[in-house]
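Single-structure report; data block below.
We call the chains A, B, C and D, going by the order they appear; numbering starts again at 1 in every chain.
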Amino acid sequence: MAAPDHLVASSASALAGLWLIPVFPLVAAAMAALLPRRRGKTSAGLAIAAMALSLALSVAAFCGVVGRSGTGEVVRQTLNFHWCQVGDHWLDLGFVLDPLTAVMLVMVCFVALLVFVYSTAYMAHDDNAGRFFCFLSLFAAAMLGVLIANSLLLFFVCWELVGLTSYLLIGFWYHKPSAAAAAKKAFITTRVGDMAFFIGIVWLFSRAGTLLFYADGHGCLEPGVLLPSTAIGLLIFGGAAGKSGQLPLHVWLPDAMEGPTPVSALIHAATMVAAGVFLIARVYPLMTPHALVVVTWVGVLTALFAASVAVAQTDLKRILAWSTVSQLGFMMLGLGTGGVAVGIFHLLTHAFFKALLFLGAGSVIHGCHEEQDIRRLGGLRRWMPVTFATYGAGMLALCGFPVITAGFWSKDEILHAAHGWEVSHWPFFLGLAAAFLTAFYMTRQMAYVFFGESRLKTKKGGEHGHHGAGSSQPHESPKAMLVPLGLLASLAVFAGFAGTPAWPWISSFLEGRPTLFHLAPLFEGQALRLMGLSAAVALGGISIGWWVYGRGRKLGSGQRDPMDSARPDVYLLLSRQYYVDEIYEWSVVAFHAWWSRLCNRLDIWLWELVVQAVAWGVVGLAWVNRVFDEYVVNGGFDQGCAALREGGGWLGLWQNGQVQRYLRLLAFGMAALTLWLLWGCGAS
Amino acid sequence: MTLPFLIFLTLTALVLGGALAAMMLRDLIHSALALAVSLLGLAAVYLTLQAQFAGFAQVLVYVGAVAIVIVFAILLTRGSDPAGQPVFARGWPWGAAAAVAVFGVLAAGILRSPLAGTEPPAGVEAHAAEVGKHLMAEAVLPLEVTGLILTVALIGAAVIALREKVES
Amino acid sequence: MLKHWLVALAPAGVQPLFSAVISIAGVIAVFATLFALTTVAERKGLGRIQNRYGPNRVGPFGLLQPAADGLKSLTKEDLTPAAADRWVFFLAPLVLVVPAFLALSVLPMGRNMTMVDLDGGVLFFFAVGAATELSVFMAGWSSRNKYSLLGAMRAIAQMISYEVPLILSAVTAVMMAGSLSTDEIVAAQAGYTCGVPNWFVTTPWGLAGFLLFLVCAMAESNRSPFDLPEGESEIIAGYYIEYSGFKFALFFLGEYIGMFAVSGMAITLFLGGWNAPAACLDAVPSFVWFFAKLGCLIAFFIWVRGTLPRLRMDQLMNLAWKFMLPMALLNLLVAGLWRFAQPGPARWLACGAVLAGGYLTLARGLLEAGGVRGRRVYRFAE
Amino acid sequence: MTPALSPQLTMPPLQCYLLLAAFLFSIGLAGVLVRRNAILVLIGVELMLNAANLNFIAFWRFGPHPEAMTGVLFVLFAIAVAAAEAAVGLALIIALHRHYQTVRLDRADTLRG
């Protein structure tokens, strides 16, 4: 599916600016790090300015690529350089600019910029806003680095940086134990995947001898350099799974919601978690069909699993997190079955509407005094209409509401591809189920949060210095938060039209084909049937969700959840997320604990014994040695020292500080010298 | 036994007597004065060698300045050591022996030297003008450096002698 | 002339020695008389200044007073303090007097009337002058007396301080004459330009040098207002407090001879030596001019002594180091300027301006250092 | 002061001056080596310097090229430097006196090993 051939136009003109894109945020991060702690606004300004510059540059790069595209082959510019010498050959790093990179650059920069702007309002009253923006800029830099990397090594470095910043930002409120724990969990879990990734990299290096993606026919992605091996593909996919929270490494993502909401929006919905998908898309040529089968299955299972779990969650952000997991699964499914274009298309649309949803959730939380439990919210559409409208747009997009939302088209693409997959039909049906569940739980959430009447407790009023004490009314958020919401909402609606069957711009752009518009494929039977099917699924989910939760039904902490009352066992299972955490607790963690205890025992009883024996032996020897020392060596040594001291004393008499004695010696010496000069030399 | 030789002998007696006195006398002031006498004699010897300028400079600097400064130092450091102590340091015979040895060696060297008995060229005179010309011509750099040294020494001496006062 | 005639009488073999003896005797005689006259003149002059008669009993107008004093001092008991350091005590006056006379020997007192014409004459003069300090110290220290020691210390400090500007101001003349020999210096000042004699004192640097030299000369010869070492009111008589009789007379003599010598040197260096002030007066024997100038200077000394009060020690030092020394250096500079600038009024103006500026700044600084600002207050007795 | 002395009267030969210098030098050396008083040591040093000067003058006078004035110039510089040396040395002695209340060299043995 990758570009069969490519044209390496190493015109440094476009690429000269390319490396600047991540550099701007990096500089901003450095300066923000150097700023005093209180200067949050300054660092925010820095970060936003840097992001704007990067956005401008990436738009420029994007236009450049668009201008060159449509020639039927993928336009790909690379700029490689030596980094360091290993043994007898060089480790090369490089930048690449191809449609994939360009699209992702624009998306990341755009979302990041919006999130930054949003954060200025959201973090306005946090003392550590400076640190926040420093980390955020650092993240942006690393993420952009991931995008433009043309070497798996550089890719991995930036990848790890992304992980680090994710860790830092999840644990931003490190004084909350839960946040610290979540940060650690995220870091360690992704580390498992990264380990696989790294092994894959090393293996690849040993096989291909280079880590460059594209290097005029010598890059590891280019045909003929090496024949792809399933194992390497799977190892790399391990890394991707870790980053994108695929089964079984998904556990960290829901907990990651402990971080500030903008972080969740930017990192854990739009960009970082998508990096896994991007990785697969980037190294697609390495993916053998068998690897792709694994990718597909993991993706679809994750999608269904996460969607089902999301149904029973009560935390506003956790629901979104689970839906993120499931959407990532969808992307994997798309990659596995449909290819780069399908997955990336959904990635883009998802980035927009999921960021939108998270920011909306943030706005809700911000307006309701940090209340996150949907059972305590409600009826907010009256108080925050803008948030409601934008959030609704995002929700519809996520549900895949027919025709007018981006989610519909991208998800439709995926289902289309899954349906066309010849290995098995199951992924298609499972995907349908996941889509249905998605619509269902989003409707549930909407019903809980925005409809019905407010169940807000009035107790939380005084806690926030920035609202007047006691003003417990939920309130609409400031402009700085609403404008990004609006922009994202519009994108969530219209971004989809970049990839309709009628005008498949994205896929053709990514594959370098010219885009032509004709409505034929839109009404060609197969596609039409599938579209109808997914539309039906989405609408069904929404309506059933409304039937269950809407209709002015009494909801909230007092009442049990309708599903709970209907099937308590299932609901419990789901709300406990299939006990995966517990299972890990019992299996992996317990095993580690047991193993460490075993090692401890071994230490104490086995090695301790050996060590003791050795120690006794040594002590015995030491005694012998000591006797020898004291009565044989020391005797002689002491005498030697004494003699030396005596001699020193005698010599010291010469150094008695008496100038005149020195002078006398000098005079005698002079006399002797003169004598020698007179007679000694005279004779010779 | 020509007249110059007589003059030389008397001056030698003056110089060496003064020097010996300077070194042997117990009273520091006396030794300082004896030093002045000895140096005066030396200046006279310079004159017999037609080195007028050097001789006068010698008198001006040594008798006029150095002797006075030494006297000042003596008066300033007076009473630091109780009187009635031995004049000579411990182990002074060694010092004397060293001095004698040096003299013996030097004298031997001088007597054995081929330069012995060279006749002086006639009509040599160190005119002040000549000396000045040479000072300003080839010896101008040393002259400047000497001036520098003198300045530095002046300041340095002041600083060294002042230090305690500055501290307290 | 007289001398040559006498020398001609002597046998040829010992003529050099004879001439030397004659000239030495002559000089000693002349200056001894001059000394005697000066003492009486000074006493009478001071008397006049202080509105009294002064010595007027012995001989006509008291002219024989010095003879009487000499006799008195000769007949007086010559006592030495018991604790004194005899040898040094005895040597001190000699060490004072002998160099003073030696210093006279290089002064050209008239045409071909220089006893010893050394080509390092000026240097020799100052060299022997250095011995004075030694003698003063010897006197003050050897007589084991607080006051005398104090006086000696003061005298040495004063002399060392003032010797520097003295020599520096003399150097200007040496530079101009291009020689250290007194004869040549005098010769360099011979001749007249449009009636004005080319004495160095007629040039700006010469004038400044002359004044500096004169002040330093007063200090060197311990005369008022620089007579701290022998300030009667403070340390009775300074370093020769313990001296009496003939030794005291010797000290007295030595001081005056020193004064004559330094005045003679001032004349030689700046006042054109034995040159006549006007071309028409060349017929007058040259030594007359020399002694006339000497007389004027002596009168000036007496006048100053009678007029000015004694300085304080700090004022003394300030004057020496903060005014005289920089002024002398500046004068040296100006002399160089004069030497290398081409003649003309411009040269005059430039040198004069530099000197005046230096004088003003230094004088102001000196006043501030001495803390003597503000109007002088006169008090009259009712 | 014997300007009447004219060169054609035979001068004493070079050794006399050299021996005088050597003797003067030895006396100064002896003083440096045997006296305990720092000031006297300094005086000894001065004597040694002057002995050296005498040598310079003598060699200049008896040397083949008296017109170069080397010896005299050297002596002049030596005198200047000696003056500086005396000043600094005496200042040092005064400082020593302030520190240790002594000018005895054998008391100032802080550098004793």
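By definition in this document, a residue touches a chain if its C-beta (ideal position, glycine included) is under 8 Å from a C-beta of that chain, and two chains touch if they have at least 3 such contacts.
All values reported here derive from a predicted model rather than from experimental measurement.
Q: Moving only from a chain to one it touches, give the least number of moves from chain A to chain C.
A: Graph distance in the chain contact network comes out at 2.
Q: Any chance you could check whether B-D or B-C wins on number of contacting C-beta pairs?
A: Counting C-beta pairs in contact, B-D comes out ahead.
Q: With centres defined as the mean C-alpha position, give me the chain B-chain D separation in Å.
A: 4
Q: Using the average of all C-alpha atoms in each chain as its centre, how far is it in Å between chain B and chain C?
A: The separation of the two C-alpha centroids amounts to 29 Å.
Q: Roughly how many whole angstrom separate the Cα centroids of chain A and chain D?
A: About 88 Å, centre to centre.
Q: Averaged over CA atoms, how far is the centre of chain C from the centre of chain D? Could you give it in whole Å?
A: Measuring from centre to centre gives 33 Å for this pair.
Q: Give the residues of chain D that touch two or more other chains, as numbers and ranges in rising order.
A: 1, 3, 29, 32-34, 105-106
Q: Pull out every residue in chain B that's touching 2 or more other chains.
A: Residues 53, 57, 65, 72, 89-90, 94-95, 98-99, 102, 106.
Q: Can you list every residue of chain C that touches 2 or more other chains, as numbers and ranges?
A: Residues 118 of chain C each touch two or more of the other chains.
Q: Give every residue of chain A touching chain D within the complex, in rising order.
A: Against chain D, chain A makes touches at 651-652, 654-660, 663-664, 667.
Q: Applying the document's contact rule, which stretches of chain A touch chain B when the two form their complex?
A: Interface residues on the chain A side: 658, 660-661, 663-664, 667-668, 670-671, 674-675, 677-678.
Q: Using the touch definition up top, name the residues of chain B that touch chain C in the complex.
A: 27, 29-30, 33, 36, 43, 52-53, 56-57, 59-60, 63-65, 67-68, 71-72, 75, 127-129
Q: Given the complex with chain B, which residues does chain C contribute to the contact?
A: My answer: residues 85, 88, 118-120, 123-124, 126-131, 133-134, 137-138, 141, 153, 156, 160, 163, 178-181.
Q: Using the touch rule from the top, collect the residues of chain B that touch chain D in their complex.
A: Checking each residue of chain B against chain D gives 2-5, 7-8, 12, 15-16, 19-20, 22-23, 28, 31-32, 35, 38-39, 42, 44-51, 53-54, 57-58, 61-62, 65-66, 69-70, 72-74, 76-77, 80-81, 85-90, 92, 94-96, 98-100, 102-103, 106-107, 110-111, 113, 115-124, 126, 130-131, 134-135, 139, 142-143, 146, 149-150, 152-154, 156-158, 160-161, 163-164.
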